[in-house]
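Two complexes, one shared chain (chain A), two partners (chain B, chain C).
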Partner chain A sequence: MTAAPVLSVSGLAIDYELSSGGLFRKRRSVSAVSAVSFELAPGETLGLVGESGSGKTTVGRAVLRRIPAAKGRIVFDGEDITNLQGEALRRLRARMQIVLQDPYTSLNPRMKVSSIVAEPLIVHGLAASAEEARTAVAELLERVGLPGDAADRYPHSFSGGQRQRIGIARALALKPALIVADEPVSALDVSVRAQVVNLMQDLQRDLGISYLFIAHDLAIVRHISHRVAIMYAGRIVEIAPRQAIYERPIHPYTEALLSAVPVANPKLQRARRRIVPPGESVDIANPPKGCRFHPRCPLASNRCRKEEPQLLRKSGDHFAACWNRDA
Partner chain B sequence: MTMPLLEIDNLHVCFDTRAGTVQALRGVSLSVAPGETLGIVGESGSGKSVTAQAVMGLIDVPGRISGGEILWQGQPLAGVDVTRAARGIWGREITMIFQNPMTSLNPLMTIGAQIAEVVELHMGFDRRAARQRAAELLSAVGIAGAERRLGQYPHEFSGGMRQRVMIAMGIACEPKLLIADEPTTALDVTIQAQILELLAELQEKMGLAIVLITHDLGIVAGLCHRVAVMYAGQIVETGPVDAIFENPSHPYTQGLIRSTPGLDADEERLTAIDGAPPGLLRPPSGCAFLPRCPIGDEGCRAPQRLRAVGSGTVACRKAGEQAWREAV
Partner chain C sequence: MAASDFTASLTPPIPATTSAPRSAISELLHDKAAAIGLAFILLIVFLALFAPLVAPYDPAAQSIMARLKPPVWMARGTWEHLLGTDNLGRDVLSRIIWGARATLTIGAVTCLLAATLGTVVGLWAGFIGGRTDSVLMRLVDIQVSFPGILLILLVVAVLGPGVWTLVAVLSVTNWMVYARLVRGIVSSTRQTPYVEAAEVIGCRPARVIFRHILPNIVSPLLTLAILEFTNIVLAEAAVSFLGFGVQPPATSWGLDVASGRDYLFIAWWLVTFPGLAIVVTVLSINLFANWLRVTTDPEEREKRFARAETAKRRRARRRVGA
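On to the complex of A and B.
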């Protein structure tokens, strides 16, 4: 990576409190994510992939400073934002935005589209007059491919794909440098999904936005990402340029995940060797000792049961956390 | 050809709402042969789940079957006068599993009691035999420690395990047909792979026919023998799975397959199908896909019926033409 990263996360750990404690109760917390490090260049998309409970959404929320980090550093645009507070945090919020999964619940049903999209402009004092806000909204709606009369309608009169466009228009309003997109297309139908993915790629090309693209759909992630990070039970187990992840996966979990994805090609699908890992994802409240994947891993050795592997450079830009595999 | 297990002929289902009558199914015809897996694919609102509900007699007010026939081994399965006879078929010869196993299981009953109930009710097993059978079924669907697990409640099971329990209940009476409505949509990929493998294995062992309803073309490709593609309450194309994926005839099927990214191809842009499906309050009388179709024209405003093309059937007068050229 040549350009200075727009986002740099190092050693991030996040704990969730299970009980806040009391006179006779111990404070208990669970480590949802730990030792997470990655960088994101301007105009780059990093796909963050994992199954439910792997911590991918938690990482996204921590980057946006919606939940506090227990450990580690988050640097955005050269500035350490890990502990930013007050006015400085408010100003930061304008430069990083979120697009949520469910366009049916993420838009206020009682607000017109014009108000939904203009709200961030008004909150951050970026529209001097109502007239200015209206012009800005019209531009944004056109930008995301919505019809001109969309501004005066309510969310219920739009389809899922159009609603997601509204959500994207709102995220774009403040010209952010980074958008955290948390499963932005998983609630959409296949034919519409492609429209939204194409739109996000166009916007990135034209506006140079960076995406942290959180998803469980490996095919979509491959399509949109430049680099991909695979999470398992609160750890990044592998991170590499997309080609390397999909063609030369190192971590046995990545391998299993890729082989489990059903491919829309009957002959290929029948011929593929599937590695279905037995068992289920770990309970992060009681994680196994050593490598968190070892109870399901075909390569697990004694060392894996005792020592947790670190994310190490295996070749070039390819990092993986596995004792038994090298590039 | 042997007699099909299930035959649906020109089925119409509508839902009366305050805004008007929604025509959810508009003349659906399909058949399922013994031992085959039929995949029904389509987007939300295309009518795939309603088709399954109609077969299971689950269409309730404000919905109604407004026309057509459902035949089970030649016997009618819809209509007031057949309900009594159909009781012996629903849950016995045809069973169904749903997307969300948590809401399909009773949280206040042990797993064992729920499975045993099925066999007591439909097969007339006594208590002890039913419990024995429940334990066998749990082992059959790959749940270890069946004896201990029988006494547990649904919340003690993970999502994948609950779906296994649902499958155990689904096969408890050795049905001839299992309808699976998005059985793995709520599950993680690796767990999904386990469940799909289980379904394939059970089918082979029991000679079960499966109707698999899904929006995921990858699942269809891996598990189904035949595919029916639905759009706006109608079937637009049917055919053997290889033919559908290699040589789709309907522009919608072609678009659907092209807009699904693969794990190996490095396409610059996905083929997106512009627009959205039509509302079904006032569906068009002609081809419902026309407004989104790149090769549609005036002639497509006439109703399109399914007709035989190659090894399948297609409801398109331009069947076989390439609708989507290079991605723009």
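On to the complex of A and C.
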């Protein structure tokens, strides 16, 4: 990564309030994410993987400034956006966009596709006339592979994959440098997933967009990502180029995660050893002391029970947070 | 399975484009119930507007000779009084035509004012949330727990009775139900992904409210307003019955129903006809509003269109088969 990063997150921590502290109650909060740091180069895709509740969506929302950060810094395009407010924040929105998970609820049912896709242009004053907006919408719809007459229809007449394309067109309208894709294909049919992922890759190649690709499907992440970050219980436990993660995982959690992905070849699948970490996922309200993975980790030592490991360079671009493993 | 394995490039079939929904009028004529409803509403509004020209008698003209005449089709009925006369010999039909004025004005204006006030408060509370929400909703609770009729009597006693006083007072005692409904829907709509998308795009709060939230709460709001219309008509009747609402010689349907009650056993028509007028009006509004609700919802509208098309084709096929 020689170019200056589009996005650089350092030491990010996010707390969720359990009770909002009314008149008589004390404010209680739980740390959802902490000590999350990563960088994202222009035109790069970082896959953010983890099980439900690991905090991956929370990180995506914090990057978009939808959730306030309790600690840490978010630098976008050389500008510290951690505390941006009001109009400046609104203008920032033009350069970072989101693609949401559920294409069925992410489009306003009472707006025509043309209004949905043109809305970003209108609110940022980028379309001088209705004519100009219409041309821009037509281009965007063609870009994401939707039929020309789509503009005059309502979202309900489209399939899930097509709706997701509309969502992508809406995100593209402002020519953003970064798109946070929050499980963009997990609600789609398997047959349509590849199409949408390929579309996203084509757009990246042509427009140089960076993606923060949040997912739990490891096969999809392997297909689209340049680098992959694995999250567990609000921490990044391993971050490395795709090849390294999938072929030489360091963290025991990553190993377990990868071993859970079935292989298409039944012979190979039977020969594989599945690593099933015992126990339940961590309750982030009462995390264990030391390494958060230690109650389920086959390698857990005394040190793991006492001290929390930091994310350290194990080799080249390969970082992992584990006391007992080195590359 | 690697992602590159499933590059199945099955293009999802594009649903056949439905032809553009027809003009509103032909669409309305297709829904017979709604068309009849609208026709009735227009008829009643017309009667109310042109009451002096349409009504056969002065609604306040008394005639002791023609007391308690039954409607024309009954044994003692006469063509002079189609729907009979009341205990003072006043023509029931004329009273209904004149009464439409007060009833419609009070019902419609009160519904509009109360709905506007309630919606604004509900939107405000639901959209901002937090402490603002708590404070506003406690205000609603206080107002709800305060007996409405007492407030009405207090205000009317101070300001003096009259149609506009009544409208104001009824609005003030009826907005809370809208505030609660709207607040509930808004605070859940606020969490929907399309509202989040709108905010991430950079929409200002006003745009989010008016373009994304408000259009999606129109249906329940419309339904509630119509249910409330009946309530308002009855509340107006109650207040008028107590002598604090519409003042004689002016009249309203509610007032007629209320004052006709004393003669229920000897002259059923005094209560029945104004009561029927209320029922028919509310029913007409309901039928029309149901159509309106479907028409303003793109998905429902296309479904209705599709159903009509299928029915038409089925009929055509049957005709060919016969």
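Simple rule for what comes next: the second predicted complex is superposed on the first by the 324 of 327 C-alpha atoms of A that agree within 3 Å, B and C clash if a C-alpha of one lies under 4 Å from a C-alpha of the other, contacts with A are read in each partner's own complex, and residues count from 1 in each chain.
To be clear about the criterion, contacts are C-beta pairs under 8 Å (C-beta built on N, C-alpha and C of every residue); 3 or more make two chains touch, one makes a residue touch a chain.
Bear in mind that the values here come from a model prediction, so they are computed numbers and not experimental data.
Contacts of A:Q269 after superposition: chain B is touched, whereas chain C is not reached. When both complexes are overlaid on chain A, the residue A:H124 reaches chain C alone and has no touch with chain B. By the document's definition of touching, of the two partners only chain B reaches A:A260; chain C does not. Considering which of chain B and chain C touches more of chain A, the answer is C.
In the superposition on chain A, contact is made by A:E280 with chain B only, not with chain C.
By the touch criterion defined above, A:P147 lies against chain C but remains apart from chain B after alignment on the C-alpha atoms of chain A. By the touch criterion defined above, A:Q162 reaches both chain B and chain C.
When the two complexes are overlaid on their common chain A, residue A:R28 makes contact with neither chain B nor chain C. By the touch criterion defined above, A:N108 lies against chain C but remains apart from chain B after alignment on the C-alpha atoms of chain A. When both complexes are overlaid on chain A, the residue A:Q201 reaches chain B alone and has no touch with chain C. In the superposition on chain A, the residues of chain A touched by chain B in one structure and by chain C in the other are 159, 161-162, 190-195, 197-198, 219-220, 222-223, 262-264.
Residues 51-52, 159-162, 189-195, 197-198, 201, 216, 218-220, 222-223, 246, 256-270, 274, 276-277, 280-281 of chain A are the ones touching chain B in the complex.
Residues 20, 22, 64, 66, 90-91, 93-94, 97-98, 100-102, 105-112, 119-120, 123-124, 147, 149, 153-154, 156-159, 161-162, 167, 170, 174, 190-195, 197-198, 219-220, 222-224, 262-264 of chain A are the ones touching chain C in the complex.
Per the touch definition, chain B reaches chain A in the complex via residues 43-44, 158, 160-161, 188-194, 196-197, 215-222, 241-242, 245-246, 255-257, 259-264, 267, 269-274, 276. Of all residues in chain C, only 1-10, 12-15, 17-18, 130, 134, 192-194, 196-204, 207, 211-212, 215-216, 296-299, 302 touch chain A in the complex they form.
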